[in-house]
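After this come two complexes, each holding subunit A, first together with subunit B and then together with subunit C.
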Partner chain A sequence: MIRKKILLLGDFSVGKTSLIRRYIDKTFDDSYLTTIGVKISEKEMNIDDVDLKLLVWDVEGATKTKKIPLAYFKGASAAIFVADVSRKETMDSIDAHVETFLEINPNSKYIISYNKSDLLSKEEKNNLILPSNSFLSSAKKDENIEILFEVLAQEIVTQYKEKGR
Partner chain B sequence: MHFKDIFNAVCSHNLYEYFIINRDFKVTAYSVDAFNYCKSDKSENDIFTLIPELVGMESELQELFLLDKCKPIKIPHIFKEPNCYVNIIIKSVEKDKCHNEEVNSLIVLVENTTEAILAQQKLMQSANENSLLLKELSDKNEQLSKLNEKLEKLLNNNDNT
Partner chain C sequence: MKKINTNNSELEQLKKLLLESELEKLEELEKKINLIKFESYDQESILNKITPLFDRLLLDSLQAKYSKTTGILSVYVAQIIARSSKHDAKALSESLQSIISPAIKKEIEDNRDGMVDTFYPIIGNIVSKYVTQAIKELMETINKNIESGLSFSKYKRKVKAKISGVSETELLLEESHSATIYSFLVIQKDTGLLIADAHLDNKKIEDPHMVASMASAMKDFINDWVDNNTSSREVQILSYGDATLYIESAGSAYIIAFLNDEPDRMLRREINKYFGSLVDEYASFFANFDGDDSVDEVKDISKNLYTQLNKLYKVDNKEKKSSNTLKYIFIFISLLLIMYGLNISYKWYGKHQLLEEIYAKTAQKIIINREDNYLTLIGQVDSIEKSHKIESIVKNNSKLNIQNNLSISLRNMQNNMNLIKEEFKNEINSTQSRESENYNELKEQISQILTKIDSLKKEKNKLKYILNSKYKMYSLLDEKLKDNICYNSLEHSLDTKQLNLFTASSSNLNSTKMNLFKDSLEKYFAIISNYKEYVSQIVIEGYSDSSGRAKDNMDISQERATTIKIFIENMDIIKKSNMSKLLEVKAFGSSKIVFENDIEDKNASRRVEVKVILDNRKVLNKLKRIIGD
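On to the complex of A and B.
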């Protein structure tokens, strides 16, 4: 079994904890509870005959006054960057999060989740232009949650097979 | 006094626990209640299974065994079930730098910070909620201003006709 660390990163209150709860526990809670520090959850899967244990780091949200400790970034194989589609500033800050992450983990994979899609109208959804490595998701409606983690896990396994580590 | 005795004395206050690991990342010693922070029992000796927060940091830990790279690693504010927070600090157990003795062990210190973090959590919760409320207010104000502008234009048009 190989063990790999993945991070969920983004501004506060974008739904990082909800994404993880939906993926791991299949639950959703509408109330907002600020994450402090980091909480690690585990998920085992088998991809292309490789047993993989994902260590999913639910990292506290960044704010203007509180930066994320860089120690959290070390040794991460991948990251999911999360933004709230109803708050433009959280989408604008994705690039900065990605840059910080890649500075420490230049060879790591990442994917972007534009979360809370349930807050958008059908028209707004259609007008949204997303980058190629991203998904419109909703932890509340359980939309595109599994695929976020599966795509990333697949990339981790492919990289592991290529590099043999 | 042996460092282990000193540590056990400190650890008796339940604020600090520790594991000592060797170059193979196997636990060679631990404080009495160290396993309270782990899902596995005392038969497990792989530090990555006991402290999964260290997975991925193998090369950083290897560096700590080098005499000239003794800066400790600190991973702050880690939530542990059922409801506590810890800092994890990893430091090399230096023998005698003057005689260039090799570092053969690392100490993984688990510091309980639950009380401070829970207080911080309350503050952050209200700060973030306030920030969201302010944002919502500002958005609504903007919407109202736009509506007012439209109304004004409509009224002006009516006056002109």
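On to the complex of A and C.
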């Protein structure tokens, strides 16, 4: 089995914790998130006959009064960036999150989840232009959550195999 | 002399004229006499008059120093209380409670030293009992170290004290309690991924990988805080409940030792030395560890950790089992000292036998102090009778003056405490027995859960295939139809928004446009047919523009969807794959028209959409079946 650290990043209250809650096997208590700004969860998967265990670091969104240690970002194989489609500012700040992440982990993969899609009308969804490595998701309606993790896991496994193992 | 003839009324009138004021006074006097006569026969009235006088007299007498009244009354008050306590002790206790509590409080405030002396025989005994126990335990530990002091360890400790600058006493105390390591985790510094771990048999950690990540996060959090606030030193000790985590970093990894107590200097050095040797050997592996725990290095390190853990555990136990020779010498000396002390006490007071006699006759333990020509009796007794009896016993045995300072206990505190202690012991015993039963039950449940987890893991891989199939189908559709004008990649469906397939109020197909749509349908169903076992429905939705009446629009949208359904039914791919039974028609009229720059695009509104509905119930049923098993 291979184990990888992945990060769940994004602004405050974009639905990161709800998103992970839909998909994980085991998790620590939510109180850790409010205490030290991170909560670890675990998900086991089998991708192309490779047993993979994702250790998901759900990192709390930084605020003006609360900074998050950059040490949390170190050593992550991949990241899921989450934005709230009903709050434009959270979508705008994705680039900054990605930049910080890639500065620390230049070779790591990432994917973007535009969450809370249940708040959009069909027309709004049709008009939304999304980057290639992104998904519209809804933790509330359980839409595209599995695919989000599976696509990322697929990329991690592909990268792992490319390294010659 | 001439006699004056007058009648009675005239005489009365004359009296009235001459003696008016005297008569009034006479009448008033008569009233007062009647009142006095009445009051002299009325007891209540007499009591009302004289009681305040007696009260004042009694108060003056009680307040006056050296008053005889106090002496006389105290005998009766004591007797009254004694009788009342026999007759209805509960009522007496309740009525005295409100008086005694504030009195005791005030007495403590006014005469703290006196109260300490009074309470000492009870509270002092309790405190000394527990302090003695604690000292006894400490002495036992120190005895062990004294014993080892006769061996090589003594000289080793002396040399260590010289080198380290730490006093020998401090080292001795450090040795008097030793922490036990029950787990080792080696963790990669940046990722927080667990490289290897080892645990004592009965101390396994449920999910060491998550614990490693969380410990890593906590360490990062604390280090970040320390960096920002004081110096750049790293956190080394984390404590929670009865457990302590000792963290030592080196290179690109760190080791966490889980202990039952904070490690002393020696144990820390032992861990550091061991981890240093591990880092020397595996530095490159630690730096390049990529999360794969199937490699040989991980197994080697785990084995190494187990060996070290067991080695440290055995050393710790060995130390605990060392012999006790000097302990007995120390106890013997202590006993001699205690006997000597008792002997001195006996001589000093000369009252040992007297105390025994008091105890034999009254079952009361008291203290007798001698000061000049006085013997002072101190302590608490059960009743006034016993207090008097003790006083008379002492009088019979001594010619000295006696000062009786014995106090009466309102509640038998000692008995109550013993009862509570006994109850507490029983409660602990029954709790322990209950917990043992629960433990066995829990063990059985865990075993059943582990069996279920195994079967779930097997089924999980099957489910992965199903879920992956769904994802692959979507990926294929996206790949093959990405440039197709009829394909909607968000919903993985086909529509005719851009084809102008229908003219207004018509369901007739434009043949040129239909050829284009046919091409899209063939490509679409060629992929879908490979996954038909997961398809529950193929829905053809018909739409109209907003012109005209709603009912007409509904009808025309129904016709459009039906026309396309018939077309699809006749396609070879549908026939071959036997999918025609999955086709369904739905009409939406003008309920979902298409806008372009806030204006309705009527050509686009007049459309059909073809959607595939995947049968999630199949997956769900499968899951339910597994959970039900």
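Going forward, the second predicted complex is superposed on the first by the 147 of 165 C-alpha atoms of A that agree within 3 Å, B and C clash if a C-alpha of one lies under 4 Å from a C-alpha of the other, contacts with A are read in each partner's own complex, and residues count from 1 in each chain.
Just so we're on the same page, a contact is a pair of C-beta atoms (placed from the backbone, for glycine too) under 8 Å apart; a residue touches a chain by one contact, two chains touch by 3 or more.
Fair warning: this is a prediction, and the values are worked out from it, not measured in the lab.
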* Asked: Do subunit B and subunit C fit side by side on subunit A after the overlay, or clash?
  -> clash
* Asked: Where does A:Asn126 make contact in the superposed view: on subunit B (first), on subunit C (second), on both, or on neither?
  -> second
* Touching A:Ser13, do we find subunit B (first), subunit C (second), both, or neither? -> first
* When the two structures are overlaid on chain A, which partner does A:Ile147 contact: first (subunit B), second (subunit C), both, or neither? -> second
* Which superposed partner A:Met45 touches (first subunit B, second subunit C, both, neither) -> second
* To do: Could you look at A:Arg87 and tell me whether it touches subunit B, subunit C, both or neither (first, second, both, neither)?
  => first
* State whether subunit B or subunit C is in contact with more residues of subunit A in the superposed arrangement. => C
* Asked: Once the shared chain is lined up, is A:Tyr72 touching subunit B (first), subunit C (second), both, or neither of them?
  -> both
* Structure fact -> Clash check vs subunit B: of 181-189, 487-495 or 523-531 in subunit C, the offending stretch is 181-189
* Identify the overlap between the subunit B-contacting and the subunit C-contacting residues of subunit A. => 3-5, 32, 36-38, 40, 42, 55, 69, 71-72, 74-77
* List of subunit A residues in touch with subunit B within their complex -> 3-5, 12-13, 32-34, 36-40, 42, 55, 60-61, 63, 66, 69, 71-72, 74-77, 87
* Which of the residues in subunit B end up touching subunit A in this complex? -> 48, 52-53, 55-60, 73-79, 85, 117, 120-121, 124-125, 127-129, 131-132, 135
* Which residues, counting only subunit A, touch subunit C once they are in their complex? -> 1-5, 26, 28, 32, 36-38, 40, 42, 45-46, 53, 55, 57, 69-72, 74-77, 122-123, 125-126, 136, 146-147, 150-151, 160, 163, 165
* In the complex, subunit C residues that touch subunit A -> 188-194, 207, 209-210, 213-214, 217-218, 220-221, 223-224, 290-294, 460-461, 464, 467-468, 471, 474, 490, 592, 595
